[in-house]
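I am attaching a structure below and will ask some questions about it afterwards.
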Amino acid sequence: MAKIVMKNIKKRYKNSDSLTVKDFNLSIDHKEFIVLVGPSGCGKSTTLRMIAGLEDISEGDLLIEEKRMNDVAPKNRDIAMVFQNYALYPHMTVYDNMAFALKIKKMNKSEIDLRVKEAAKILGLEEYLKRKPKALSGGQRQRVALGRAMVRNPKVFLMDEPLSNLDAKLRSHMRAEISKLHRKLGATTIYVTHDQTEAMTMASRIVIMKDGIIQQIGTPKEVYDRPVNRFVAGFIGSPSMNFISATCSDTALKIGDFTFTIPEEKIEILKSQGYLNKKITLGIRPEDIHHEPKKEKNNSNTFQATIDVSELMGSESLLYTSLGDSTLIAKVKSTNIANGEKVTLSIDFNKIHFFDKDTEEVIQSTNQSRLIAIS
Amino acid sequence: MERTKNQQFFIYLGVIAVMIFTLAPIILLIIATLSSGQDLNSKTLHFLPSHWTLKNFTDIFTAESNDASVPPFMQALKNSIIVSLSTTFLTLIIAILASYAISRFRFKGQNGLLMSTLGFRMVPEIALLIPLFVIFARFGAINNLSSLILIYTAFNLPFAIWMLQGFFRSIPKSMEESAYLDGVSSFGVLIRFILPISLSGIIATGIFVLLASWDEFMFASIFTSTYDSKTITVAISEFSKRGMVNFGMQITGGLIASLPPIILALIFQKFIVSGLSEGSEKG
Amino acid sequence: MKKLLSLLFVLVLIFVTTGCSSGNGSDGNGKVTIRVLSSDDFADFRKEAVKEFEKENPNIKVNFESVAYDQLHDKELASFNASGDASYDVVDVDEMWTAEYADSAFIQPVTDKITDSMKKELVPASLNITKYKNDYYGFPMFNDTYFFYYNEDMLKKAGYNAPPSTWNEFTEMSKKLQSKGITKGPASAWGWGASEGLVGYFGEFLGSFGGQFLDNNGKPVFNSKEGVQALQYMRDSILKDKIIADASTGYNDRQILDAFKNGKTAFVSGWSFYWNELNADDSPVKGKVKVGLVPSANGSEHKTATGSMYLAVTPQSEHQDAAWKFIKFLGSKKIQKEQSLKAGALPVWQDLYKDPELKKNHPALEDMGKQLQYTISRPSLIGYNEFSKDFQIILQQVLLGKKDPKKALDEAVKKAKSASKPTNQ
Amino acid sequence: MIKKIRPYVYLVPAFLVILCVTLAPILYSIFISFIDLTKNVHKLDNPNLWSFIGFTNYINVLKDSVFWSSLVRTIIFTVVTVGFEFILGLAIALILNEKFRARGLVRGLMLIPWALPTIVNAVLWKWFYDADHGTITGLLARLGFTDGYSNILSHTTSALIAIMTADIWKNTAFVALILLAALQSLPKDIYEAAKVDGVKPFQRLFSITIPLLAPAILVALIIRTMEAFKAFDIIYIMTGGGPGGGTQLLSFLAYQQSMVFGNFSYGAALAQIMSIFTMIFAVIYIRIFYKDRG
C-alpha cells in the first residue's frame, strides 16, 4: 500500500555523544512485511518510533509515498501503531478504544460502527466490545490493540514488540494471526522484535540491526543461508550456529586434534580470499551435524564425540558435546543417547560458513559477495 | 516529537507564572520580617523597606523579658517540635502495625475496619473538642503535651493507615512468602522486608503527619494555657492583643514557624511525590 | 532496623514523659497552690506582682497563666466545666461576662468581702462592673473607658480653645475643621466595624444622650427616645453631615488610632492605652493631644462606655481564702499604684488620681479621672455574646443606611430580652 | 489459633487509640446532642440531671436561620475554593510535569504554600488585606480597583472572598502535589498511542489525562472538600467569623455555639449534622468517579 524510503537516517539523543541509529537506509515496497530485529538497544525501536513520528529524526530523510515526512505530525502520517504494552485506554471500553481515533477524526457514527464491528469480527472480539481492558486476557488485549490500528485503515502498520508480553503458546498463535491479517489487509507493516523466530516466520524481509547499524537486509531464507557476518549468523537460527576455531590447508580442515576432508569448492573460497593455513572461524548450524548410528570409522566427515548432555525435544534431540576447544550443539533426529555416551557425529561440510577471525565478516567467493550486494 | 520553540516558550511562561503565584506572598513575608515597624505601618504601597533590620527576629526571641503577654517564643517552638515529632513517631509505629495487618492478613471485618477508619476522618474536629476536653480534664491532662500528642495521633491515624496499607499492598507477596519459607516470623517480615521496601511511602506519610500536627490550632488553643504547653500556632495567634495586632511579631513568628515544615518539604520533596504516586497506583 | 525501631520507641517515651512532667502537679508540705487564668492585659506587670505576693505569702504559690484576650472567654468556659488541673481558682472576667458567669455559678459571690470602705473609696464605675443582681462577684483590676482624645493643635488652628462639650458642637467643629482643610476628609473616624467595639461605641452615644441599656429592674430599655436619638446622630454623622469617615463601619480601634496619630483626624474616642501610643517617640502628634470629656446631648452627663475587667474566685476552688487574698493584693492601693507607674493602667482607687507621683508620671491622669465619673457599662446579659453578635449586625445596618434606627433598636431590645433569660441549672 | 489472633494483635494499638480518643468522644458528643446541656457540663456527672430531649437540639439547629445561612456560605466556600484549587492545581501539575530547566527546584518551591502552617497563612493574608498597610489593599487602590484603601475584611462579601483567596493559595499546592504525583505514574505509551491516533492536546487533557487521573483527583477532591467543609483556623484568625457573622462557616458556628455561647448541645447536634454532610459528599464523589468502573 505504501512505499517507504529511509535515506541516511540518523538519531542522536540529547546529552549523548554517540548515535543511537547510524545511517539507516532502507526502501520498503508496497505490502511488504518488514521485521526489524536485533538485540535490545540496537536502535530498532528508535527507528520505528522515528517512522511513527514519536521521535525526531536527527538527520536524513523519511519518505512515505515519495513525500518527505520528517516534520509531519504523527497523526498526519497515515500510520497506525501497536505498542508492546498495548497502550489501551484503561477508562474506555473495547469498542471505545477502537473507535477513539475515528471519533477524533470526526468520522460519522455509522461508519465508525461499521469499521469497529468489522475489525472485531476479524479479530474475534465481538463478545468483548463492552468490556474494559482490565477484564480481558493478554491475548485479547493484544487483539484490541491490533483492532485499534486496523479500523483506521492506515497505509502503514507499525508494531513495537507486540507479542513480547504473551506466553509462548499464545505468541505462536498470534504470530500466525498477524501474518494472516497482513495477507488479508495487505498493508505495509513494519514490525520490531528481538525474537528471531518471529522475524523468520513473519517477515517478507528481515532487517537485522546491531548497535544502530543495519547488519543485513534480506528475505528470511537469505539471511539464514547466507549471513554476512558472524553476528547475523549467530542471531538467526535456533539453536545458534556453532562457531569453532579452525585452520585449513590445501587438503584438509583441522579442528583441534581432528582432521576433516571438505569439499573442493569450500577450499577454493578460502584459497581465493587468501585464508589458507590461517586461523579462521568455522560456522556450523546444529542441524548440519548428524548422528551416525553405524560406526563407520575414518569416514572423512565424521568424528567421535562424548555427549555431555542430550536433550530430547520431541521429534529432535539436542546433543551437547565439544570439538576442539569449543562446545558444539547438534540437532539430530530423536534418539535415546544417554549422557556421557560416545557416539559418531558427521558434519555436512557443504553447508559450513567461514568467518574472518578478526573482522567476523563472512569469507566468501567474490561473485557470491557481489550477489549479496545486489539484493 | 520534541517540543517546538513555541511550546517551549509557553511552558516556561507557565513555569514563571506558577513561581510568581507561589512565591510572591512568601517573598513579601520575608521582606516584611526584615522591615521596621514604621515600614510595616506606613500606608503607602511599597515592596522594599526603607531600611533593612533584624529587629523583629531579635525581639521575638527576647520577647519574654520586655513583654510577658507574649509567650516565650523559644518555649513554644520547643513544644511544637516535641509534639509533632512524637506524634509522627507514635502515629507511624501504630499505623505501620495496623496497616500491615490490614494489607497482609485476611480476617473478619477487614474491609469494614478500613472503611470505618476512613469514616473517622469525616467527623469535624469541633465535635470532639468538648467531649475530649471533659474527658481529659477529668484525668487532669490539660496543659499537657502528652495529651496533645495522643489527640493528634488519633486524628492522624486514619489517614496514615489508609496511606500505608496502600503501599504495603503494592509489595509483591512472593517476596515475603519466600521469607516465610526461610523461617522468618511475620513481625520479622514486617521489619526486614516491608519497612525498607516501602520506606519512601513511610517517609511521605510521616511528612504528612508531621505537617498536620505542626499545623493544628483549635485543640492546642483550648487545651493549653501555660507557657510550658502552648504550641507555636497558639503563640503566633497570641501576638495579637485586644484589637491590637503586632504584625511585625506575628509574621516574624509565622516565618520562623514555617521554616521547619518548609525545609522538611523541600528535603523530602522527591519522597513525597514518589511516595504519593506509588500509593496512588495501587491505592 | 530493629535497633532503629527501639530507638524510636525510646525517643517517644522520652518526649511523652517530659510532656507529663511539664504538667502541673500540686505539691504537699502544707503549701497552697492557686491557679490564675489572666488575660494578656497587663500580664507582664501581674507576673512581677505575683513574685511580690509570693514573697509576702510564702505558703501560697501562684500558678499564673495568661492567654490572649480573644481566647480568654472560650478557655474559661471550657475550664469551668472541667475538673482537675484544668480548673482555676482565680479567673479574669470582662464586665459583660458577669451575668453569664454568675448565672451559671461559674464565679463565686464575694459580697461579704467587699467592705464599706472599699465601696466608698473605689471608683464607683469600677466596682459596678462586678455587680450582678445584688451581689458583687470580684474585685476590679483597672479602669478603662472610651476616652475622648482631641488634637489641640488642630482645634486651635480652627479657632477653638476647648474641646466640644455637646454633640452639636462636635458636628459644628468637625465641619469647620473640614472646610478649612485642617483635616483632609472627615474630622474623625470611629471603630464601628462589626465587632464588640461597636456595641461599646453605641453605649458611649447612648449614655451621653442620656439613655441607658437596662432600667433598674434589669430590663432592656435602650430603644428609648434617647437611644434612637443617639443612633440617629451616629448615622447622620456618617451619611448626612459626613463629619465621620464612612469607612468607620469597617474600622477597628487600631485603625482609628493610626489615623489620629498620623494627623488625619482631629478627634478619636478610644481606650486609655492610646495615650502612650500617641505620645510615643515616633508619634507625629506627640505632645499635641489632650483628653477631654465625651460630648453630650440633651443636657445629660458626659457618659462613656467602660471596658474594664476584674478578677473573681471560682466556686470549685479549694483555696478560696488564698485566692481572695491574691485578688485583694493585686487590687491593693500599693499594687494599683505600681501598676499605673509601670504599665500605665488607670487605678481603681479614687484617691490615686490625686497622687502627685502618678500625676507626674501620667499627664492625662486627672483628665481621665474626671471622665471616670461618667460611665455606662454594656449590658451584662446572660447571653451577652450571642446578643452582641446580633446587635453588631443590626447597628451596622443602620449605619449603612439600610435600617431605621427605631425599628433596629426595637429588634435589638427583643434580642436583649431573650438573652437575659437565665439558663436552667 | 495463634494464626487467627495474629492480625488482631497488630491492630490493638490503633484500636485502643481510636477507641479512646475518637470513638468514645464521638459517642459522647452524640449523647450530648440528645440532652439539654447549656453552659454547665457538670450535669454530665449526675445522671439525675440528664434530661433527654430527643431531637429537639437537631430541630433547633434546623430551625435556626443562622445555621442555614452558614450552611449556604460553607457550601459556597467549599465549592469555590475546591473548584479553584482543582483547576489551578491541575494546571500547575500539568506544567510541572513537562520538562524544563531546574524542574526539581521548581517542584520543591511549589510545595511551600502547602507546608506553610494554616495559622501563618491566615496571619499573612490578614496582613495583605490590612485596611491601612496591606499589600493587596494598596495594590487594589493603586490599580484603581478600589477608591482608596478599603477595608476588605470588614465587608461581608469581600471578607469571604479574601478568606477564600488565602485558602485557595495555600491548598492549590496540595492538589497540585497529589495530581503531579499521579501524572508521573501515568503510562507513557498511552500518550504515544494518542499521538498516533491524532488526539489534539486539548482533547488529550479531557479524554485521556483527566479520566486516567480520576483516582488521584478523587482523593484530592475528597480530602480538600472535607477540609474546606470543616475550615476553622483561617476564619478564626482572619475575621473571627465577622464582620457580623458574615464569614461564619459551619465549623466556626459550631465552635461559637459551644465555646462562646456555651450551647454545648446545640454545638454537638450541629457537629453531627456536619458529619452527615461530609459523608454525603464522600458518597457523591465516589459515585461520580466510580460510576462506570464496576
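Annotations for the structure displayed:
As written, the chain order gives the labels A, B, C and D, with residue 1 at the start of each chain.
Convention: a contact is a pair of C-beta atoms (placed from the backbone, for glycine too) under 8 Å apart; a residue touches a chain by one contact, two chains touch by 3 or more.
Since the model is a prediction, treat every value here as computed from it, not as a measurement.
For the pairs B-D and B-C, the count of C-beta pairs in contact is higher at B-D.
When chain centres are set by their Cα atoms, the one at the greatest distance from chain D is A.
Rounded to a whole number, the gap between the C-alpha centres of chain A and chain C is 92 angstrom.
With centres taken as mean Cα positions, chain B sits 57 Å from chain A. Centre-to-centre, using mean CA coordinates, chain B is 16 Å away from chain D.
Chain B and chain C have CA centres that are 37 Å apart.
Of all residues in chain D, those that touch two or more other chains are 41, 132, 195, 259.
Multi-chain contact residues of chain C (touching two or more other chains): 70, 74, 78, 81-82, 195, 258. Among all residues of chain B, those that touch two or more other chains are 1, 41, 43, 93, 130, 134, 222, 237, 245. Residues of chain B touching chain D in their complex: 1, 11-12, 14-15, 18-19, 21-23, 25-26, 28-29, 32, 40-45, 47, 93-95, 97-98, 100-102, 105, 107, 113, 117, 119-132, 134-135, 150-151, 153-155, 157-158, 161, 186, 211, 214-215, 217-218, 222, 232-233, 236-237, 245, 247, 250-251, 254-255, 257-258, 261-262, 264-266, 269-270, 272-278, 280-281, 283. Every residue of chain D that touches chain A in the complex is listed here, in rising order: 187, 189-190, 192-193, 195-200, 203, 207-208, 211-212, 214, 293-294. Contacts from chain C toward chain D in the complex involve residues 70, 73-74, 77-78, 80-82, 100, 103-106, 193-195, 247, 249-251, 255, 258, 383, 385-386, 389, 392-393, 396, 423-425.
On the side of chain B, the complex with chain C involves touching residues 37-38, 41, 43, 66-69, 82-83, 85-86, 89-90, 93, 130, 133-134, 136-149, 191-192, 195-196, 221-222, 225-229, 237-238, 240-245.
Of all the residues in chain D, the ones that touch chain C in their complex are 36, 38-42, 131-132, 150-151, 153-155, 240, 242-246, 256, 259-262.
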